[in-house]
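These are the structures, in structure tokens.
Heads up, the next two complexes both have chain A, just with different partners, chain B and then chain C.
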Partner chain A sequence: MTTATITAKSPVAPRKPWKATKAELIPVFGALALAAILDVVVVAVTPMKGKLAYALLFFIFAAGLQMALKWRNLGRRAAIDSLAGSVAIAGAAIAFTPVLSLLATTVIKGAKGLYPGFFIHDMSVANYQSPLNQGGVVQAIVGTLYLIVLATAISLPLSVLTALYLTEIRGKASGFIQFLVQAMSGIPSVVAGIFIYSALLLTTSLRGSTIIAALALAILMIPTVTRTAQEVLLLVPEDLREAGLALGATQWKTVATIVVPAARNGLITAVILGVARIAGETAPLLFTLGVSNKINWNPFSGGQSALPYYVWSGLGDGTELGIDRAWSGILVLLMLVLTLFVVARIFGTRKVKIK
Partner chain B sequence: MSSTLIERVLPQKRALTTKPRPSDVAFRSVLNVMSYSSLLILAAIGGFLAFRGFGAFKENGLGFITHAEWSSLVGDNGKEISSFGLGAMITGTLIISTIALVIGVPLSVLTALYLTFYAPERLRRLLVTVVDLMASFPSILYGIWGFIVLSPMATYWAKLIFKYLGWIPFLSVPTPAFDRSPFLAGIVLSIMIIPIVTSVSREIFAQTPLERIQAAYALGATRWGMIRAVALPFGASGVVGGAMLGLGRALGETVAVYSVLNIVFKINWHVLYGYGGNIASMIVQKFGEASFTEKKALLAAGFVLFVMTLLVNMVANTVVSRAVKSGK
Partner chain C sequence: MMSTENSPQTNSLAGVAAARVREPGSAPLGSGLEARGVHAWFGSHLALENVSLDFAAGTVTALIGPSGCGKSTFIRTLNRMHEFIPSAAMAGEVLLDGKDIYASGTDVTRIRLQIGMVFQKPNPFPSMTIGENVLAGLKLAQIKYDGNKDDLMEETLVRAGLWNEVKDRLGAHAGGLSGGQQQRLCIARSLAVNPKVLLMDEPCSALDPGSTLRIEDTISQLSKTMTIVIVTHNMQQAARVSDYTAFFLADGGPGQMIEVGPTNEMFSRPKDERTENYVSGRFG
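Here is the complex of A and B:
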């Protein structure tokens, strides 16, 4: 009896018929190169100038040449298909260009005002027109951290309990509550600010402080946290709930010891997304935060600073130095938001964890 | 041989009952009560703003919505003479939001189509993350960027548009002043709504039933043919819903618009011309130096904005959730 040996190397190389061959790719890249050359030539010869002309003409030439190629090889329908593809790519390119510009300008302009003291000093030793090596944002960082902690403390219980109602009780009002939470996520941030102002500050002797601003931010945070929390709680397998009940646990025990721990990572993601939502909010702070150019450790009285507010003041100052400060402030704020975003991704990759 | 007596302890029989335990009763009632917190908050916002702004509504009547003038002066006899009208701000808000939709929605739909049907897998994953990232950028970042970076470009584009399309009534300008125009504010808003419109549209397109896509290909459709015959009709309602969610965002945006728009209390239909209006930004602009009466009028303006965005969002959410459900 002979056994057939399977050689590691098969004589037939695996083929990928869906992959473009070299013969197909050369004309495509050739057309792109030709379009680029034509683009430069036409811009140089005609009175059309500027980045806009380059971009527009390149699109017209590239799309046109590709279309002509397809038409010749495959006919009219293929040419239309190629045009549609070019338009989709161009649309996506236009939509993503601002992101690159936003990030690049923030880093380039923001780096100018950064020096180690920027994270140590506050603005009581400088004003917005001072040279960039004086003063800093430490008071704004402390203020933003306070706001984040307080707003989370206020909104987390409300959000998680609402989400639990929607996923565990699934009562008659579920649809209605869901509708309200969605409606809440559309509240403009300025409305949240003036609401807190009209309710707490307009007719009372209270003055703006950290806790009052945190209340306004919590209104904006609740819908984000609720919706994300609801999504992750729905991901917890129904089997786990049934197993808990079948072992004789009450619903309360099942939820507290099985469902919530299983969704822990997802709930952390929910909170981080909520924090990212509010960390950069400016409008509500203008009505509720008061002002401070020094660190204010007391969240219940006295004005406070915050990173978005620092940027806002720098921009409102209008001078070149003020705007430079604003860029540095926004760079710090952006780094904070990006960090939160990355952390949320890391926790979010495994939303439901079952031990 | 000693024998050990094993006393068997039997668990006490439990009564079989469907009655919830006290802990469950407490748990359920807490959740039941807490779930209404969102209703309470929404009602409180509407209630407080309407209550505080009631005076302004009563004094100005319907003119609060229709008149364009907003002034508050202290007369000779020490009495405050005021007239508050949101007309210019409401039209301004609608004009800017329309520009944002006209620019933003086509770009978003193209991006969503590209991400769903064209982009290679790795690039797609990266770009989807970038879209999410765009949504989490603070609005003041868009504001300062729009003011410093985009504003000169937009002025240049506005001049170009005026040069070639100036004969269209709303693209004309009385005098050549193109800075801080509704056009610029509209572009900034269009960039800000791209993430939400794109992600809603993409989600809907991604749900297009595979068998329909394959059927289209099997019948010999090109990729564009498949998109036109299958994906677009399937995703249309979702795109509409996404666009309306974007509209909700655009209506209520404050800081970014305030940074780039020249706010003047006059109705301006010339979108390229250098002034416009926006309710949210106007509230921020006027609030600092406002008297008690004017503050109340601003709270009334906030109420108008609240009602507008709430209505748009409610309709949008209904449309989107219907679209998503029909997809499943």
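Here is the complex of A and C:
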């Protein structure tokens, strides 16, 4: 079936009569403009001032005028519907404003310290008070990547297996394990660091290194990934499991070839959420990472650096140059995490190939 | 009793259909619905081309045809449910009592209140009891009902043919009902807001023959008071319940309406060869 030729053959143009026409949008935008004017006027003549007053009044005027429009055209029910929509939009705006503000601040302040060498040099050639065109974060980038990869490698199998135990095997201990997972998700990150420090570093001859810090981060990552994996595995329809079992498959084969692949995109989301949970963690690193201002390619021995640790040190330095470096470190961390998520999505989404 | 006036092509379905023809002179009830040149698209894919069909007030019209012929798409354009699919587009007009339901400025929620719908899969609201399900429409559409709500509940459950089975457990949750009972509950729920037109999209496809017969009885009862459009894959059902039958087919292209006529004629002497092949079971 060639839809293109069929569409071309039909002399009738497709319409979307449920979408507002231009003529219908004029009063809607007119009301928004009127709300903006009223906003400015009211702020000017009353003692209210500041951005908050502008935002609050604009919302009240805009939502009120849209409601009045709907009331006039379609009645009270439509007006209330419009108000609910306005409240949802306002809620989203309130939630996103700090996020956007944070991103903008990071980009503006972080860009100051960025130069190509920032991604090539390490801090052995400079200190925090050096001019911003000396030294860089390459050692911290390497360290953070190592930490993310190692913590994921440790926590992902454990988390997915725990989730499978909870959703597929549903053993007698499910309730207890569910409780533990929930309790674990409330652990303050510093406690994870202290736990690894006291369990591994105080009592043995081991010294802080990448793998030790990754263990602390894995403790934080496991509950997040387990909970999300459990939710997405529960979304796989029971019919699919039954279809597999009815073909004579064992439970293992059904889970491995049907359930997990069906939940694939959700499991990738679980990993992304887990990485997001740990990528910026600083507190556990303070006890477990050791210190290095050079690239350390060996994750099992010797101190390491990491971007959050670099930021923390820069802020701790307290000088203007140190704080500028910290902002640049935050920007690099954001870019790194964003890149990882995009890469995970691109490689994680299965393309259906027909051979 | 088999009708004897039919041509030699008569098959057994025609006899069933003949018994359904409305008594002449009986006043039409409900509201007329008229589709004029309805097209439906999903993205750039034209799924339904140029369907014009007049549903007279107080009649039952069955839409038949093989899977993928556009009948469900068509029925969803009749109460503006088609537009919930993001890529959807349409062309043409649908007139309820002579007014285009797609006209600019129409209150779409009022349209859906007047044109009720029963879905393929029974979908009672799981958090509500049987009684609350029946009256859910009043609450959702914010209708002030002046009469006695218990009477309304009983009346609609009687009309849906479910009263005797649930009258002692109106406070129980709807999930405990069988599939057929759930579907009749959904019909009762649609009736409680007193729609002028009732659209039914394969309402019996998931039900056993006993439940199917009860719902067909219900449709026959309802047809006295409203206009009904029913999509069905079951030709015996079309023959049993409908006054008119429309045959849809997508012959490698967009779905089209091939033929429409009084049900007994559609099953006894269809004008189009493709209709005859389909109703006689030679394909589809």
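Points worth noting:
Note that in this section the second predicted complex is superposed on the first by the 236 of 355 C-alpha atoms of A that agree within 3 Å, B and C clash if a C-alpha of one lies under 4 Å from a C-alpha of the other, contacts with A are read in each partner's own complex, and residues count from 1 in each chain.
Note that a residue touches a chain if its C-beta (ideal position, glycine included) is under 8 Å from a C-beta of that chain, and two chains touch if they have at least 3 such contacts.
All values reported here derive from a predicted model rather than from experimental measurement.
In the superposition on chain A, contact of A:Phe179 is made with chain B only, not with chain C. Of the two partner chains placed by superposition, A:Phe118 touches none, neither chain B nor chain C. By the touch criterion defined above, A:Phe59 lies against neither chain B nor chain C after alignment on the C-alpha atoms of chain A. By the touch criterion defined above, A:Trp18 reaches chain C but does not reach chain B. The larger set of touched chain A residues comes from B, when the choice is between chain B and chain C. Of the two partner chains placed around the shared chain by superposition, chain B and chain C are both touched by A:Arg77. Common to the chain B-facing and chain C-facing surfaces of chain A are residues 77-78.
Listed in rising order, the residues of chain B touching chain A in the complex are 20-21, 23-24, 26-28, 30-32, 34-39, 41-42, 44-45, 48-49, 52, 106-111, 113-115, 117-119, 127, 129-130, 132-134, 136-145, 147-149, 156-157, 160, 191, 194, 198, 222-225, 227, 245, 248-249, 251-255, 259, 280, 283-284, 287, 295, 298-299, 302, 305-306, 309-310, 312-314, 316-317, 321. Against chain C, the residues of chain A that register as touching in their complex are 1, 3-4, 6-7, 10, 12-18, 21, 23-24, 73-75, 77-78.
Residues of chain A touching chain B in their complex: 50, 52, 77-78, 80-81, 83-85, 87-92, 94-96, 98-99, 101-102, 105-106, 109, 157-158, 161-162, 164-166, 168-169, 171, 173, 177, 179-192, 194-195, 197-199, 202, 219, 222-223, 226, 250-253, 255, 273, 276-277, 279-283, 286-287, 308, 311-312, 315, 323, 326-327, 330, 333-334, 337-338, 340-341, 345.
Listing the residues of chain C that touch chain A in their complex gives 37, 39, 41, 44-46, 49-50, 80, 83, 88-92, 102-105, 107-109, 141-142, 252-254.
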